[in-house]
Amino acid sequence: MSRTVKLAELSWPEFAARVAENPVVFLPIGATEQHGPHLPLNVDQILPTAVAERVAEKVGGLVAPTLPYGYKSQPRSGGGEHFPGTIGLDAHTLTLVIRDIVCRLAHHGVRRIVLVNGHFENAWPAVEGLDLAMRDIRRDGIEGLTAMRLEYWDFVERATLDRLFPEGFPGTELEHASLLETSLMLLVRADLVDMSKTPDDGPATFPPYDRWPLRADFVPPSGVLAKAQGSTAEKGQWLMDDHTRLLADAIRKEFGL
Amino acid sequence: MSRTVKLAELSWPEFAARVAENPVVFLPIGATEQHGPHLPLNVDQILPTAVAERVAEKVGGLVAPTLPYGYKSQPRSGGGEHFPGTIGLDAHTLTLVIRDIVCRLAHHGVRRIVLVNGHFENAWPAVEGLDLAMRDIRRDGIEGLTAMRLEYWDFVERATLDRLFPEGFPGTELEHASLLETSLMLLVRADLVDMSKTPDDGPATFPPYDRWPLRADFVPPSGVLAKAQGSTAEKGQWLMDDHTRLLADAIRKEFGL
Amino acid sequence: MSRTVKLAELSWPEFAARVAENPVVFLPIGATEQHGPHLPLNVDQILPTAVAERVAEKVGGLVAPTLPYGYKSQPRSGGGEHFPGTIGLDAHTLTLVIRDIVCRLAHHGVRRIVLVNGHFENAWPAVEGLDLAMRDIRRDGIEGLTAMRLEYWDFVERATLDRLFPEGFPGTELEHASLLETSLMLLVRADLVDMSKTPDDGPATFPPYDRWPLRADFVPPSGVLAKAQGSTAEKGQWLMDDHTRLLADAIRKEFGL
Amino acid sequence: MSRTVKLAELSWPEFAARVAENPVVFLPIGATEQHGPHLPLNVDQILPTAVAERVAEKVGGLVAPTLPYGYKSQPRSGGGEHFPGTIGLDAHTLTLVIRDIVCRLAHHGVRRIVLVNGHFENAWPAVEGLDLAMRDIRRDGIEGLTAMRLEYWDFVERATLDRLFPEGFPGTELEHASLLETSLMLLVRADLVDMSKTPDDGPATFPPYDRWPLRADFVPPSGVLAKAQGSTAEKGQWLMDDHTRLLADAIRKEFGL
Amino acid sequence: MSRTVKLAELSWPEFAARVAENPVVFLPIGATEQHGPHLPLNVDQILPTAVAERVAEKVGGLVAPTLPYGYKSQPRSGGGEHFPGTIGLDAHTLTLVIRDIVCRLAHHGVRRIVLVNGHFENAWPAVEGLDLAMRDIRRDGIEGLTAMRLEYWDFVERATLDRLFPEGFPGTELEHASLLETSLMLLVRADLVDMSKTPDDGPATFPPYDRWPLRADFVPPSGVLAKAQGSTAEKGQWLMDDHTRLLADAIRKEFGL
Amino acid sequence: MSRTVKLAELSWPEFAARVAENPVVFLPIGATEQHGPHLPLNVDQILPTAVAERVAEKVGGLVAPTLPYGYKSQPRSGGGEHFPGTIGLDAHTLTLVIRDIVCRLAHHGVRRIVLVNGHFENAWPAVEGLDLAMRDIRRDGIEGLTAMRLEYWDFVERATLDRLFPEGFPGTELEHASLLETSLMLLVRADLVDMSKTPDDGPATFPPYDRWPLRADFVPPSGVLAKAQGSTAEKGQWLMDDHTRLLADAIRKEFGL
């Protein structure tokens, strides 16, 4: 029944009726960013949307349109803006976008908001956008709004990671276009994955600092930070099960559902 | 062959290869805005995307992800932000979003850009965003970029409008959730249209001024500014044929294709 | 009795006394923009001021100092910023100016404000500036402010246009430095009009899109978008009579005067 | 021949012809601010404009339209924003206005610019606006622009002040709506001065600090900071002679005229 | 007992306990700016901090960390940004810094704030930052906050200046790296003063205007605007005694201590 | 020889002479933030400054004045802005501060810049500020600037952490006012540490999401996220040795020293 969770597929009277039930409204925050030669540029749009829609179905929520452009890709987490097709916004721009949307939702009576981030670099502009929105909302005299903000990949069991990485989890900091994202994409949009192009040049071994301008040897040529080989839709399902279950649990707890 | 026109479904090496051919890159600019009880909130996302994708196929272009949130809805053109589910950005926010995206495309080597607007209120923030981007791009030493900016509905033959409105075209200023948009939606996303809910309360007769705060009787209760009755997918096809043909012609002329 | 309507010619005790009567305060929004070889750069300052002052006399209002610089001229409506002497502000700049002025007026107790636009391109920055001001004013706890925003040329009878254009009104979109503005200038500041320089190169026939950079043949070399020949002060009087009467009527209705 | 110095009364071909002669372009920066019960709110618009026009006639310059709204009035220099009719802009707003205008003038080929300030509080936003403009102009590759920025009242001979204040000059810091401004207004716009209302409550004796919120006894109730009694048009002429002569001399020296 | 006045050397429970006593919180606003060949770049950080700490000890206050970067140095008051080591912020940047800090202090319950400026050019950004903070604080529903803003050097007896300058005080406008600042530095941080490098090239004789770009002969090569010879720690003590006593008196009066 | 590394203790001729040697200029980015009952609010100012000064001595650099106010404290990394004495800036504010300083350094000829962050939440505003500065610097035609940005605590050997935490390192995400920071403070400013107040309420066990408004039980009452017991100056020395050695190595490598 995916129609009911997509906020923007409702007519306005339907939206009004839904908001009267005090639903959780999810805002997925994505990016248009390189994800190696085997994945499309919209991975960070597709995955948080997929997670949000599944969780929304569990908790009776609505998913607002996903933000397709995120904060500028950084070398150590996403390869960098120089990679072709990577289209990042300035931090202030993204912050204002999130502030404006959260404020509008609040003015329409939404009191439960969850920002689901799908692009690591969005984390801080999202924090700031939400913080500014909460400040403005208070000044507008609106009360009772609760908001959560999170990265979907943090909702995973340790056991699942151990199962996925029998030789040890390399850490989320290298998870860009690698096993986790590739497996999830194989689950939800296999048509956009070309496993034959999975590169062999990782894992990246970043120094503990950023550098401007970027050094040529800083990021693997493929833009993939760790191995994607071995990705399967089944593994994607393990992850998706964790993400949706754990996130739904957290939401139910925070919003008293 | 829709895969090839969707920019964000490319991998980065595919994007790089495409940009090397100097394609036209389209940026559809949408909105999340009430469109009456018979249409969803995402009409202004779906239609410019549909037009842009069809034109891109004709001229060998790429369509960047559609902006799902536009400038604040105004009573005289879209009903207003008070309508449930209408989520508008401040003008400065939208301007910065467009500036950032155009700048990034230019830095990636794109030299032909077309902003396809699907929400009337976006027109001026888009003008400003593009103007600021062109200023920044010049400061960055990038040359040779040409950009167009347009509302898709302006690409229509007078004869088509006469055929659609035998009793006279009421004017684009009342075309919000009315015959044109409804017919186009019946063509491209009929599953999101519920003709049984087409309201009867238009047409709106606006005074020649804006007013803050909004008067209760300013906008028809349904949010529909003119009649949507009589909308059909066939009429949508007449429009879509005009939009794509005339727009492709204009693009070929301006870019020398 | 022009002294009484010019806000800035009052002393502060006089202003205070006037505001205590709850007057309508007009803010004319102008521009410094080319208006062809026969008209000065300040047409868009002079005309909305003249209209506002006449209406203010009818409804007992005050006219704040006219903004002499407006939003950047656009090719399709005013010729463009490249025309010598055209001095436009960025949209955000003009928006902040209008926001600040409306907020200050509200803090001084003004509760009836009318923004009278004389330059087409100002319309949207004025909408945004007023919208931001209303938001701030609410946050400041000020209640009861009503504001109108309009283009003065929209206050005209169809019959008057028919009388002025026996062969059919070309539409306001081409009315830049043409018959309407020229006639009004002959009425109020004939000393600044040189009818001997009225150009012959219109009317402009714009394509339905904007283009950056501007094509050389986009705008008539004179900067005049339609014919100005045949302009007379008498025709200017017809227009001025409509503008002032219809606008005064609208104001009386909205403010309950 | 006042027509030739008013930039905005030129047509665009006339402006282009004038700019080709490399004239000095003056931008008077005014305010809408209380000036006691005997003077109008627009003193700070009228006086820098009058000075600029007179100097422009001497040096063959052009005077751009005066900015009618300045930075927020401060208690120690202008009484404060709480005085009725005082309409100040935020500093950032005024800064952007000045930046935008100077940039536009530079793009039109103007290479000699003089900002003539008539409102003390404008000094720093004008400095910043001009500094930002010079930075942007350099980034745009424009060379050879020289700009001056000044308060007109600083162009006065010590002997003139001694003649005006036989008992000693109280200092420019108290000169608000006092002898100097009142005399100049009697010279250039006597119709707006009502000497019968000259107050008796000065001079102000400010402590050496600002205070928020304002203390009731901080500013004289009249808003006049020092005596205006004894003001005459003749004294205004003494001042105007100094202002125009000394400013013209400085301009000739700086621009090599 | 310097520990007690340094806000940032408290732990948070200590801060909370101190704020409960409604102390005066001082924010020194400094700069990193050339002060001639005999003084370090941080004079404008050290001196307002030293004054604030001494006053805080007298009135039982706390001194927040000094802002080490101020508004851009101007030729007529500080030599200009082109002097090596001079690191100024844009006005808007400094304004936002001050706004944010004052707002945060207010949210923590501070109700008595004194901004102690040590760099002339900071005066207006500090005014604006404080004004914006007071506006925001009102919107946040916080009441009862009183703030002062001042330049520490204005708290001096006429007799002290006469004693320091037997031949007449040249005026604060030339006091940059000169006798007053040098003497104060000899008092509080003699280790950073090298009197052997005191230059001989002043006093500066500025014209009454600013000029962009800067003329080579506008500022003395040393960056010192008036004589520093004759500076002594004893003279610094005379000044410091005045500053602390007069400022403490003003604070006690305004805050009713 | 600490005098030579403190940029702001130089006179401008000394600064100029130093910059001519192409030194590394360090900008420590701190905060005023709660660090539990046993540490002062300025830990995040003191520690990055101490590291930067030690490294500057090794590599012949200069340390610019430390930014004493950072980005708003977040519950999961620093406890949150509600803790008394925590004074955070908005992200845009801090970004502009860093942008301005880096631009000014570049204009003064500095070509090697290292931002040393001492407050986790500053990381992203620092990235953005540096990125904006590099963009502006390119537009200003300045070439050859290389910049690094880092958190000092990332420069540590695994062996050192193992030695410090024989039972396993709890992770930097909980290192706030805990063993590492407390030990370093005991090393460099023991006078500001009160080990008798070390709290017992950690470690924090955060859920994997942010929440607005903050839940009362989200952060330990003390604001300390993990145990500080067992902190010693000796352990601080182990850390400091790693930080300075590894950071100096990285700098030498990147700048070719």
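Chains: A, B, C, D, E and F, in written order; residue numbering restarts at 1 for each.
We take it that a residue touches a chain if its C-beta (ideal position, glycine included) is under 8 Å from a C-beta of that chain, and two chains touch if they have at least 3 such contacts.
If you want to know which protein each chain is, UniProt gives these names: A, B, C, D, E, F = Creatininase.
Since the structure is predicted, the reported quantities are computational estimates derived from the model, not experimental observations.
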item: Chains in simultaneous contact with chain B (Creatininase) and chain E (Creatininase); value: A, C, D, F
item: Interface composition of copies chain A (Creatininase) and chain F (Creatininase): same or different, split at half; value: same
item: Superposition of chain D (Creatininase) upon chain F (Creatininase): rotation angle, C-alpha, nearest 5 degrees; value: 120
item: Separation of mean Cα positions, chain E (Creatininase) and chain D (Creatininase) [Å, integer]; value: 29
item: Separation of chain A (Creatininase) from chain D (Creatininase), taking each centre as the mean of its C-alpha atoms, in whole Å; value: 54
item: Where chain B (Creatininase) and chain D (Creatininase) are represented by their mean Cα positions, the distance between them in whole Å; value: 47
item: Contacts with 2+ other chains: residues of chain D (Creatininase); value: 90, 92, 139
item: Those chain pairs that satisfy the touch definition; value: A-B, A-C, A-E, A-F, B-C, B-D, B-F, C-D, C-E, D-E, D-F, E-F
item: Chain F (Creatininase)-touching residues of chain B (Creatininase), taken from the complex the two chains share; value: 139-140
item: Complex contacts: residues of chain A (Creatininase) adjacent to chain E (Creatininase); value: 135, 138-139
item: Chain C (Creatininase) - residues contacting chain D (Creatininase), complex; value: 7-13, 15-16, 19, 32, 34-42, 45, 64-69, 81, 83-90, 92-93, 96-97, 99-101, 104-105, 107-108, 192, 194, 197, 223
item: Complex interface listing, chain B (Creatininase) residues touching chain C (Creatininase); value: 72, 74, 90-92, 95, 123-125, 127-128, 130-132, 134, 145-151, 154-155, 207-213, 215, 250, 254
